[in-house]
Amino acid sequence: MDSENIFLALKNIKKTIDLNKDEIEKLDQAIGDGDHIFNIQRGLNEALKLEHELSNLSPEEVFKKIGMKIMTTVGGSSGALFATLLMGMSKKYSKESNDLENLAAMFYEGVEATKKRGKADIGEKTMLDVLIPVSLSLTELKNEKNIQTVAEKIKMVAEEGMLSTKDIMATKGRASFLGERAIGHIDPGARSSQLAINAICDEYIK
Amino acid sequence: MDSENIFLALKNIKKTIDLNKDEIEKLDQAIGDGDHIFNIQRGLNEALKLEHELSNLSPEEVFKKIGMKIMTTVGGSSGALFATLLMGMSKKYSKESNDLENLAAMFYEGVEATKKRGKADIGEKTMLDVLIPVSLSLTELKNEKNIQTVAEKIKMVAEEGMLSTKDIMATKGRASFLGERAIGHIDPGARSSQLAINAICDEYIK
Amino acid sequence: MKKFVNKVEEILTESLSGFQKAHPDIIKVNFSPDFIYRAKKPAVDKVSLISGGGSGHEPLHGGFVGHGMLDAACPGQVFSAPTPDQMEAAASKVHNGKGILFIVKNYSGDIMNFEMGADMIDFDHETILVNDDVAVEDSTFTTGRRGVAGTMIVEKTVGSLAETGASLEECKLFGDHVNNVTASMGVAFTSCTVPAAGKPTFEIGAEEMEFGVGIHGEPGRKREKIKTANEITNDIISTIIEDLKPNKNQEVLMHVNGFGGTPLMELYLLFDVGQKILEKEGIKVSHSLVGNYTTSLDMAGASFSITKLDEKITQHWESAVHTAALRWKI
Amino acid sequence: MKKFVNKVEEILTESLSGFQKAHPDIIKVNFSPDFIYRAKKPAVDKVSLISGGGSGHEPLHGGFVGHGMLDAACPGQVFSAPTPDQMEAAASKVHNGKGILFIVKNYSGDIMNFEMGADMIDFDHETILVNDDVAVEDSTFTTGRRGVAGTMIVEKTVGSLAETGASLEECKLFGDHVNNVTASMGVAFTSCTVPAAGKPTFEIGAEEMEFGVGIHGEPGRKREKIKTANEITNDIISTIIEDLKPNKNQEVLMHVNGFGGTPLMELYLLFDVGQKILEKEGIKVSHSLVGNYTTSLDMAGASFSITKLDEKITQHWESAVHTAALRWKI
């Protein structure tokens, strides 16, 4: 894991998000306020601008600085949450571990911080319905040798999590104001999180 | 000429105006502010409410009171102008004259007052392009015995006047602000005046 | 039509009734004939300022009745000049010994109805005709230019002068002067919808704007493709400057006026752009007003009004005012 | 999209720049991180009030910075909560020895970003969460209700209390109290258009309205056929009354707030209707505010906010205020 990998992942995420812009926009228009796509696009653009500045730093520094950049440029719920996720992740990087072990530990820490920030948990129709299952699966799979297997599994888990947001009411975030009217709509943050995870996984699936 | 005639004429005018509502509305929307139809409909409704109150009064009183009602309920250019026309007309009624003589003299007086009120004359793309020629024709025809001939002639003159407003620029009224952009549109006040005159004439054409 | 309305014919009466209830400390409303007047009689003998015009431009004029501005306002039906009996009744109510000054926007309907009202009163009176809209060619042979958002600048400054006890003649001269050094122009993105009509006054394409639009949605100079805020402001300001011919270092008041449907955020953006353009011309924007003051119902769009300031205008712009829509130093 | 804009990404910066130029006597703007703060430091040591939220609701909150209301406001991107560094920088700038009181509308994004900002400062601080929107069910297990137009009532009254030198705790308690006795609900006829999106946030039929809409164009209680002003107001006021449970003879402040695209004429009409309905219930509207204060860009529609008055709230509502958007007794 190094700065180059991380920025490659970011670029892949950006590509996927841009490709799915209209869908994400519509999801937040349906049960939110319509800004989610602009928030994450702004965040990705700002993060990518850091590529040269961060090119020689350690992964923990890279995650921390990207997290701070997102914290100071995105705003909204997703800005606070994704910044918390990334800054949380930066805390658990260990030179001693391999990439998958690192990722599992870091993601776990990041997701825990995100849960605290959002005062939310699984089943509340938020991005956590993707992030939590993914974190749990990563922990389970952290010793798996075949990275493609991991990627395929994670991809599936993320998609299931994302889809699970469709038929429930929201109890956190803006969609919670809608009560039953939110049923039938996928949560925008769950969708963007799943797309991001997808983009990372696809790099390891031949 | 008595109160009954006058209210019959008003009712006929109202019928015609209502039938041509959309066209009049569009004319003032094109080169004015779109209120002309509502102004004249409001005026006609208010005037018609006076029917019983004025039923035993002399024609001069009837014209005067209708004029005052229009003055106090219509507003806009047409309110001021039609009120001036009617109040002007009321001044020249003479018991000694026959109806056509009366009408010619009264209308002449009313139109003169209207010209003064509007500081306008023929050829400025206003209702005066209908009212002035009609007034002149009435004066010419005031001794004509065949009332149907008069009605037919006046109807024609009014229509010519109305149509003449189409291809000129306005130098008075709201349409004057448009300069060349007013060319090609008939003046709303000319159209409503012509329709009113038409409705009166039709009563005498079998 | 999407409006908060019970019966279309009652919209004006109900709105005036709400206006009276919302501002009992500042104004009172007389119904039939309709006019708005100050809740408190002025403490001094002063010239009484009366304005009015069609409704649909709120807060103009009723929102400007109160200390430091108007003594009364006569609201007509939406976009129709008020009737003479309103002016007569308002004048009789507010006359205060020093004559009546009518402030009238330059439209045939307003002029004629105010004239007829003036004919009905015995007090001394004068009329200021406001014609600040440079979108329209000026000519002595025609009706000339329209009166638009500059009207409130005339009402504010002359209102302040009147409050000092100045004579009718002085007030009239000063008002004409303010009008002469004020120029305005606007642009519309959408049409307004007159309640009685129930549909938009004009059609306009999704990419079009009406350049030089009037405050009743009347056509302006031209229909064109929508431009950037910089370009639009440039076009407007250069037309205004051509008319006002300000000197280098001239201090001006710049009023960015919303027509009703444009967010405040955009109006402040326009103010920023306008200030920069004027600065480049060496003109100093020393005073400002940004907001929806002379509206055209729900029309999206905005206008700029610029007044060349001198010491006297500045003083009377800055002075205390206490009305429903404009309030400072009091 | 029809907006006055140069580059969509610059709209906020340019608008803030114009805001600063238009009100140099009242506010200053700090850029990167963006916040609006008072041009003059308060004369007394006082609790510093900081609010903020997504842009697009102007004049909320920047228009309420000044004597008697806020010390600073942090504007986010359109409809996106501001970022924590803005709150941190604003707090450092305006802290005045007696602690910071954050006034936050009850949205996840605002709450989290304000929390993160608060974590970054060393001063004493408290937060008032405003959740006045009765369109939304309240429940301790969910996010609860939205914060809408009642926010400015909290800002006005707590701002006034802070000006007296009251402690942070006192201000926080009073703000929570005002929030508790304030309830709001709105209805939309059209959707707003977020500049970055370039098209309306929601589709709505020519005869439809969104009952209980949020100030970001979020769906409300239900989509229904458009009704008369009387019916709409009845529906809203009865929901508010159910929540506030006022006593007979209760005095209230009634705020009719336009969402941006609705003419003032209609807002005053709504005020008239609302007052009549409350009067029938034996409730006295003793204080009023009518206008576009908490907008949703160009959305057509309006909301009612009602605050049950007591002596203390009344006093702090009436007291002097001097901001860009609200100004009286000063």
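By written order: A, B, C and D. Residues from 1 in each chain.
Everything that follows uses one rule, which is that a contact is a pair of C-beta atoms (placed from the backbone, for glycine too) under 8 Å apart; a residue touches a chain by one contact, two chains touch by 3 or more.
From a predicted model like this one, the values you see are computed outputs, not experimental measurements.
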Counting hops between chains that touch, how far apart are chain A and chain B?
3
Looking at every pair of chains, which has the largest contact count?
C-D
If chain centres are mean C-alpha positions, then the most distant from chain C is chain A
At what distance in angstrom does the C-alpha mean of chain C lie from that of chain B?
32
So, what's the distance in Å between the C-alpha centres of chain C and chain A?
54
Spell out, as numbers or ranges, the residues of chain B touching 2 or more other chains.
none
Residue numbers of chain C (touch at least two other chains):
78
Kindly provide every pair of chains that touch.
A-D, B-C, C-D
Flag every residue of chain C that touches chain B in the complex, lowest number first.
33, 54, 76-85, 107-109, 112-113, 115-116, 136-137, 141-143, 145-146, 194, 196-197, 201-202, 214, 216-219
Seen from chain A, its contact residues with chain D in the complex are 25, 29, 31-35, 38-39, 42, 71-81, 83-84, 117-118, 170-174, 176-179, 181
Per the touch rule, the chain C residues reaching chain D in their complex are 2-6, 11-12, 14-19, 21-23, 55-56, 58-59, 63, 78, 189-190, 206, 209, 226, 228-230, 232, 260-273, 275, 285, 288-290, 292, 295, 297-298, 300, 302, 327-330
